[in-house]
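Some structures to go through are shown next.
Same chain, two partners: chain A is paired with chain B first, then with chain C.
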Partner chain A sequence: MTINKTLNENKLTVGIGGRLDTVTAPELEKELNDSLEGITDLVLDISELDYISSAGLRVLLSAQKTMNKQGSMTVTGANEAIMEIFDVTGFVDLLNIQ
Partner chain B sequence: MSMIKIEHLRKEYPNVTPLKDVCVEINKGDVISVIGPSGTGKSTLLRCLNQLEEPTSGTVTIDGQVITDPKCNISLVRRKMGMVFQSFNLFSNLNIIENVMSAPVNLLKTPKEQAYKEGMELLKRVGLAEKAENYPDELSGGQKQRVAIARAIAMHPEIILFDEPTSALDPTMVGEVLSVIRSLAKEGMTMMIVTHEMKFARDVSNRVFYMDEGGIYEDGTPEQIFDNPTKEKTRIFIKRLKLLTLEITSENFDFIGSISQIEQFGRDNMIAPKMLRNLELAFEELLTQNILSESKRSGELLPASVTIEHSETDDTASMSITYGGPSYDPFVNEDDLSVTIVRKLAAEVSHSYDGKNNVTLKFSR
Partner chain C sequence: MKKRLTLTAKALLSLTLMAAFIIVFTCLGISFSFYLDMKEDYRRTAFSYTRTAADFINGDTIKKYYETGEKDDYYYTILDFLCSARKESNLKYYYVFIPFENDVVYIWDADNTENACDLGYHEPYLENGKKTAEGAFKKDPKEELTINRDAVYGFIASACSPVFDSSGEPVALVAVDMAMEGWIESLVMFISLEILNVLLVIIVSMVVLYFIMRRSVIRPIEVINAAAKDMVSALDSEEKTSIEIHTRDELEELAGSFNQMNDELRDYLIRLAAVTAEKERIGAELNVATQIQAAMLPSVFPPFPDRKEFDIYATMTPAKEVGGDFYDFFLIDDDHLAMLIADVSGKGVPAALFMVIAKTIIKNHAQLGEISPAKILMSANEQLCEGNQAELFVTVWLAVIELSTGKGKAANAGHEHPALCRRDGKFELIEYRHSPAVATMDGIRFKEHDFELYPGDKLFVYTDGVAEATDAHDCLYGTERMIDALNKDPAAGPAEMLSAVKASVDEFVGDAPQFDDLTMLGMVYYGPAK
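Showing the complex of A and B:
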């Protein structure tokens, strides 16, 4: 998994690439926990993400919950395979996907 | 009534025993296709039947006569069993009609005139009457094989044994030979045909022998063998299955290594990306997120064994997971995210318990 962060005042863009699975999800979780303070606009750019499992979905959901309290979160660039997982799990309704 | 009875047939060579203990009965009118991987004794079985090879032990009885008995008249046996080889084996110094007549005249003492008349009839049946005066070298492979078949029928055998009759032929000539065999089947000729032509085997035969592990590993109708093979090796052969097995002995198993093995397996077998992704997800969701955490929570379920199968013929895949402990159905918690993902992506999921837990997932495109 690769993580690329770009901070622009209160807007944080996090590019996530590769695999978001049982092994890598805790890394992303820690990364987000450490950087969301004061952020009002979080963008998760997953255009480079190839694979996501429930472990990854849980991290996205927890980030969404945090952002609900302090601003907003959008998920961008999901490929077809990832979209299918968002679909079958109902995450299309839980996340703001663009 | 069974026409040929094979009992405890065994053939040992110095380094290998292709036939360990073959017991089977062949009925009059049976058309049997013999299939199986290379080296599993298909040719050896045919050669032991017509005594081209001497079996190490066991008996072959034809019409009540024990032909494996040393006192048995071997040429009588050969008359009862015609044989058609991959390589035709025609007499190159005799013309076509002479090839067909020679055995009836020399062995059956049929008068020449009658043998000629019958021979011409047979050549007509295989569509080669106008080649009667030609020599084998002047014929195509398919024509030579049709002559070989006519020559076998000329002896009025009880059964004809074919050993890969089309394997040496140019693909354009396979059809003409198969159609001759097909018409013999319609006329009720008893035949045993070693073949790699699966569609032909399915169409023409009423029985299929799948050979493996030193004998007839599975014997059934074409529907049983081709559509619903019950035994493991038959399934692997018929469905051209490729297998990957992963043994999970500890909760701290090498997840990354396992995933890369699954990905390698997918590349090696050209599994479509989406199907491969589903297999990876099933592995991760069921194993790490579900079965292993249950194992940690409520006691040992390990070791677990995961087998992934991919069928090249119908492009389906399945994953079966077996593990120990008490009965634990990983799909029981329907609200669980992992369970949802697996249920939605798999075409079929099931759990059963028979002293071990067995979970099976099926995937189709």
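Showing the complex of A and C:
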């Protein structure tokens, strides 16, 4: 998994690539926990993401809940396979996917 | 490793080679210097004879003797003098001659035998003889010893000094030939003594050196070697072992490092033992947890032997000791069967704990008599969201079926699509829009939909551990392979359906490790009881 962070004042863009599964999810969770302070606009760019497991979905949900309190979160660039996972798991209703 | 030469042998060999080297070079050096000394010694002796005679002889008489060939008293006085000198000093030849262009003419020859060359005797030059004579026949001659090896005269050293007349011109040469045979003998003798001497010194120093090396190098290395060999077995003993070497050099340092390594290894082993014990304890507890978790899921089949309306079978194979997947089925009342399959996000102990709560809450709500899956999930969602610090969630497929009619309602909270097989048909995935997973958000309103089973219909639900089983090349198993496996045997009952899918997944995955829990539930509806 690769994580690229771009901070622009209160807007944080996080690019996530590779596999987001049980092994790599804790890494992303730690990265997000450490950098969400004071952020009002979080963009998760997952155009390079190949796979997401339930552990990965948990991290996205957790970030969404944090951002609900302090601003907004957007998920962009989901490919077809990941979009299907969002669909099946009902995450399309929970996340702001563009 | 095969030891070709021990350190001792190597030390001895190199000492011997060194000794041979020293012997050869000292002998060469000493012999050469001995040769130079001997030569100088001969030169001095020889020239002292020739100069003495040259000074003694009156040069003005030479010409007369050469021209007339007559011997007078003076001639005999000189001859006697030369003869006695030759005899006394053991000279080989002692003579006076005049060097000419092509030969020499004898004046005196101190020889009492008949081989003596008489006055006026002509003799050709010997090898190098002319050059030597020309070098000496000067007012200021060079005193150089000529060494010749001649078949007639033997190994001789020759010297010449000029005799001057009253006007100071050289008129003849006094020559002396000294035998060199004795010189070679003394050289050989000298070298033998010398070799013996050097040999003695070297043997003594070799022995001393060997013992020093043995004490300061070989012995310590043997000690360290022995300690290293015994180290592992010594680690088991209570007593700390250490090696003592006091050579005040790198070997003592090495022994120190070895002792330090030994100590650290010992400490490490103690820590390792503690960690291993802790791991074993956790392992034992996890083993109990596995059993508790397995016992929470209905595992006696058939579960309702007196109900003829349906047959049901389910399995759960956790990826770790405990998993987050679960299934459940129970009768809400006499006519309603609840079936559910669920997957908690993540794996291991956290997922397992959440699974226990989720399973208990869902079953409790259902058993209160609620037959609407959406309502059951809604209540469960409210309870699970409370204090969900870890923010885990659970995908659930929950169906409640009226056994007397085959009509039912199902809710899908983010779970995989169920597969349905109508009688005499084939398994197909039933795809529809899902609700979000349970415990993701407060106040989710779950969607539910109606369905109807007819006698002979088969239902198969599963978790993502099946669809996302991965082989060594990171390829996903996928639902198509699963549907194919289910359709292989149209007459299969629930247990056969599950084992067919399991076998197919196992074959696909091969040796790759299992990543996710693998849970399946199969059900066949036979129709209302008659």
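Keep this in mind: the second predicted complex is superposed on the first by the 98 of 98 C-alpha atoms of A that agree within 3 Å, B and C clash if a C-alpha of one lies under 4 Å from a C-alpha of the other, contacts with A are read in each partner's own complex, and residues count from 1 in each chain.
The rule is short, and it goes like this: a residue touches a chain if its C-beta (ideal position, glycine included) is under 8 Å from a C-beta of that chain, and two chains touch if they have at least 3 such contacts.
Bear in mind that the values here come from a model prediction, so they are computed numbers and not experimental data.
S.K.: For A:22, select first, second, both or neither according to whether it touches chain B, chain C, the two together, or no partner.
M.R.: both
S.K.: By the touch definition at the top of the document, which applies to A:94: first (chain B), second (chain C), both, or neither?
M.R.: A:94 sits against chain C, while chain B stays out of touch.
S.K.: Could you look at A:53 and tell me whether it touches chain B, chain C, both or neither (first, second, both, neither)?
M.R.: Both partners, chain B and chain C.
S.K.: Let me test your reading of the model: by the given contact rule, A:3 touches which partner, first (chain B), second (chain C), both or neither?
M.R.: It touches nothing on chain B or chain C.
S.K.: Which parts of chain A are in contact with chain B and also with chain C?
M.R.: Residues 21-22, 53-55, 57-58, 88-90 of chain A touch both chain B and chain C.
S.K.: If we count contacts the way the header does, which residues on chain B are in touch with chain A in the complex?
M.R.: Answer in residue numbers: 255-256, 259, 273-274, 277, 280-281, 284-285, 288-289, 337-338, 340-341, 344-345.
S.K.: Under the stated contact criterion, what part of chain A meets chain C in this complex?
M.R.: Residue list for chain A touching chain C: 21-22, 25, 53-55, 57-58, 61-62, 65, 87-91, 93-94.
S.K.: If we count contacts the way the header does, which residues on chain A are in touch with chain B in the complex?
M.R.: Residues 21-23, 51, 53-55, 57-58, 81, 85, 88-90 of chain A touch chain B in their complex.
S.K.: Can you check the complex and tell me which residues of chain C touch chain A?
M.R.: Against chain A, chain C makes touches at 343-347, 391-393, 395, 413-417, 433-437, 440-441, 464, 468, 515-516.
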